[in-house]
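In the two assemblies presented below, chain A is common to both, partnered first by chain B and then by chain C.
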Partner chain A sequence: MTEMLALSQERTQLFHDLIDNKIPKRVPVNAMFAHEFAIQYAGQDLTEAQWDVNGLEPIFNKTCQDFYSDLLPVSAFRLPSFYKILGSRNFVMGSSGFLQHPEVEGLAIEDYDAFIASPFDCIVEKVLPKLYSKLDTDSATKAMVMAKAFKAFNDDMGNVGRIYGNLIQNFGYGFVNLFSGFCEAPFDFLSDQLRGFKNISIDVRRVPDKVEAAVEAVTPWMIKMGTPPDPSPYNATFIPLHMAPYLRGKDFNRLYWPTFKRTVEGLKANGMRSFLFVEHDWMRYLDYLAELPEGTVMMFEYGDPKLVKEKLGKKHIIGGFYPVSLLKTGTKEQCIDKAKELIDILAPGGRYFFSFDKVIITLDSANVENTKAVLDYVAENANY
Partner chain B sequence: MNSKYYKSWEEYKAENPEITEKQEKVMAPKIQTYEEMMFGFIMFLCV
Partner chain C sequence: MLDLNALTQAVGDLDESAVVEMLEAFVASNPSGEEAYSVVGACQQGMAIVGELFENNEYFVGDLIFAGELLTKSIDILRPVISGADSKKIGSIVVGTVEGDLHDIGKNIFASMVEAAGFEVYDLGIDVTPSAFVDKVKEVKPQIVGMSGVLTLAIDSMKATVDALKEAGVRDNIKIIIGGNPVTEDACKQIGADAFTTNAAEGVKKCQGWVN
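== the complex of A and B ==
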């Protein structure tokens, strides 16, 4: 057995123990860096490097070499080729090379009924031409544009997947994929790119029946979207949670929670665990999260880790809370002390993995020396 | 899954009755994979 394979098996075991509710040998470390960070860290130009996907391998290699993680720490979720071909309005490259997400309206208010009748048909016929200007044309041109974009998407994602495989092998990362699938809470799906933040905030007050019918209609499609072809209890479907902290309790109860819960339960029934990025502050909803299927993975951005451990720590798998902002502003000692504090609260009894409160997306988000020091500290000291 | 643009293999087969049982074994996984890939792409464009 090669040294890297042995390392990979050891790291896989850390996460399998975490998932199987056994105390692992050490707190597993899941560092996460976006491709934009990796490109900037490698000293490359963001506006150019994202177009040359094969060139991402040495770029990712450098991040993997310098930052400790038990799972592959780099990922490229959005690449510009297919967005450019499609004339994207929802993801547009800024002058820095970062793909920005402007507020958009993919679904007009008068199209709610079409969406409720058939979400996927409405997306194809009405939403895509609003989000992507090159699809707002005659059917023959649209077909050509779509074919080019689909080819670009699959080429880029295929190449990125090949690079991931090489990195996992070369650096001995664990064979656990917390991003094996992707979907959204139905309300977030309706809000993010379809109605937009501003419109949905009005809709919940003016047309709540339409919103409720729309999230009901799209729930089976979210479950389908989040179920990969090869479900595994050791992998997960990633679900970033967006709108709940901005809703009134009664709107959350009616419009957000029921279909989100059914989505997570539906994924579980299909053999998939959910990995929730609990964005912003969900402290008032902890009792709801406690109702989700046992062993749901939750990475918290903000909140009280003691309360989360108390309410959710025996049932679910918890990570996050470590503020990336501290990596930017704190001293090395302060940064390591924060890691110790979180480990003392969250590690006892297991069901905890170390991660920052969010993916590090750009080089100026954090001080790299502090980041390295914290990851190394946890990997070397957080033993059970 | 009510849609004009997404079809299960059973729906596809019903529209293409010329497909024999022998052909189905090799065709079904391939055709359905492309169906799922396009579905995944379209949904990705909305998140």
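== the complex of A and C ==
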């Protein structure tokens, strides 16, 4: 046990150095696998195992045993129990059992004004009944459904939290949590859960003033949502970024950036660092990202790592870029060469952690042997 | 008769109010079916401008979605004067989001752009099983099959679909194009598709190349 505690402390130090802008002993490794991957990797049936949270402990154990990481590499972010109780339309399973977010409209175009006047009231009264079919009913039944769903949510998340604690202790992971809070950029929240990708793309051209007022109105709520009860400079609030690459520069500049920047700054004022999943191609927005508070953590999916290192590497903490698609199609040698290439570019001067370009969501997303080989290679060889 | 070049330019500029104004005035002038089709053609040329601006990074995905909406609205306005007349199709294509994946935005953009380019489009929707692709291919005998996906799990489903098409003996009669976030050249080879793209406009050009 003391051996594991010492390992935890060593790994915690790697991330504290990363955050405190010191050169760590070696490049910290942050592998990330979804519970769907872990279930399939343990040889279990996804359609069944994701309903039983207690069963996730041995399942997560196997992934933790076989794949190197300095922080807890598994998570169960979206579980079906509470979505099922709610009759969810915004998170539904594909035929293989993988829970995902289809295109939905939670906010009708005629409800923009109600949303702008009071986002919270509008979400409760108008949006939730559209997104969750079981809430589209009388107040008494709705209250019961909501209570049941929250019970299921709290039970599942409580259990998952307990399992995370055990895994951190048993495997000696670092005491740094980059997922200790969660929110979205205001424009992404309006797009993903409220208007939908198609509608928002049309709104940006037909009713930009409403879009602008709506993202303004929801910004304080995003900051509130993203601030955990126990802020810490060594933890972070996870913000997966979505819509910016699909916007024209002038729409981004007016409708996306100002409220997103204020969200990150608001979290910082509340004592939280942001961990951004910089999804898709943000290369034309690097100068904007450079304006964010010092020490923002950014995991990139695409782009030119040299340019990112040059423009952001001194101010922010960079990860990602390693293509999961290569783990699927490449040879072991090609996969390790790619890790070397990225480390050579991104590691000098610190402020870099190794991670793949996205979370590995299912067993068929990557070749398992390649994945293990790359993580082991980085853990053993990326010393400063 | 309206100014076809001005219409094409307005569609290319995604200037909705100008397009609507021109088309409503045109419909009110009680045009012939032939005239109506030249107007549809001008709208399609406007969509080609949109595609070019997208390839030049002046337009982005949000603009393609708006362009699809503008085209649908335009055809709706023109419908009373084009019904009855025959439109000429340059080919046919079966599209769908592959099994296990529910994401359809990219697939819809591609479908509306190939339709605008003159293809007959059979859209199978989302989470489409390999056998559903096979059945539709046997039924409509398209020149092209387009498979879409966003999640990394889509790669294996695309491969399973190509394998099913081979097994059904119809693979050699068609060209297969795959599109979406997880597709790469290596994935394309592994899957056994003929082409891949993460850019709908480029995908349309490849399809046009196959039928010309």
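Keep this in mind: the second predicted complex is superposed on the first by the 383 of 384 C-alpha atoms of A that agree within 3 Å, B and C clash if a C-alpha of one lies under 4 Å from a C-alpha of the other, contacts with A are read in each partner's own complex, and residues count from 1 in each chain.
Assume contacts are C-beta pairs under 8 Å (C-beta built on N, C-alpha and C of every residue); 3 or more make two chains touch, one makes a residue touch a chain.
Keep in mind it's a predicted model, so treat the numbers as computed, not measured.
Trainee: Between chain B and chain C, whom does A:193 touch in the aligned arrangement: first, second, both, or neither?
Mentor: First partner only, chain B.
Trainee: Figure out whether A:86 sits in contact with chain B (first) or chain C (second), or with both, or with neither.
Mentor: The answer is first: A:86 touches chain B but not chain C.
Trainee: Chain A residues in contact: does chain B have more, or chain C?
Mentor: C
Trainee: Examine A:175 and indicate which partner it touches, taking first as chain B and second as chain C; both and neither are also allowed.
Mentor: neither
Trainee: Where does A:288 make contact in the superposed view: on chain B (first), on chain C (second), on both, or on neither?
Mentor: In the superposed model, A:288 contacts neither chain B nor chain C.
Trainee: Just checking: does A:106 make contact with chain B only, chain C only, both, or neither of them? Give me first, second, both or neither.
Mentor: First partner only, chain B.
Trainee: Quick one: classify A:246 as touching chain B (first), chain C (second), both or neither.
Mentor: second
Trainee: Would you sort A:68 into first (chain B), second (chain C), both or neither based on which partner it touches?
Mentor: After superposing on A, A:68 lies clear of both chain B and chain C.
Trainee: Classify the contacts of A:131 with the two partner chains as first (chain B alone), second (chain C alone), both, or neither.
Mentor: first
Trainee: Do chain B and chain C land on any of the same chain A residues, and which?
Mentor: none
Trainee: Which bits of chain A are touching chain B when the two form their complex?
Mentor: 86, 106, 117-118, 120-121, 123-124, 127-128, 131-132, 149-150, 153-154, 182-184, 189, 192-194, 220-221, 224-225, 229
Trainee: In the complex formed with chain C, which residues of chain A make contact?
Mentor: Contact set of chain A toward chain C: 92, 94-96, 98, 100, 102-103, 197-198, 200-202, 204-206, 243, 245-248, 251, 280, 284, 323-326, 328-330, 358, 360-362, 364-366.
Trainee: For chain B, which residues are in contact with chain A within the complex?
Mentor: 1-6, 36-47
Trainee: In the complex of these two chains, what residues of chain C are touching chain A?
Mentor: Checking each residue of chain C against chain A gives 14, 16, 57-63, 65-66, 69, 99-105, 108, 126-127, 129, 151-153, 155-156, 181-182, 184, 186-187, 189-190.
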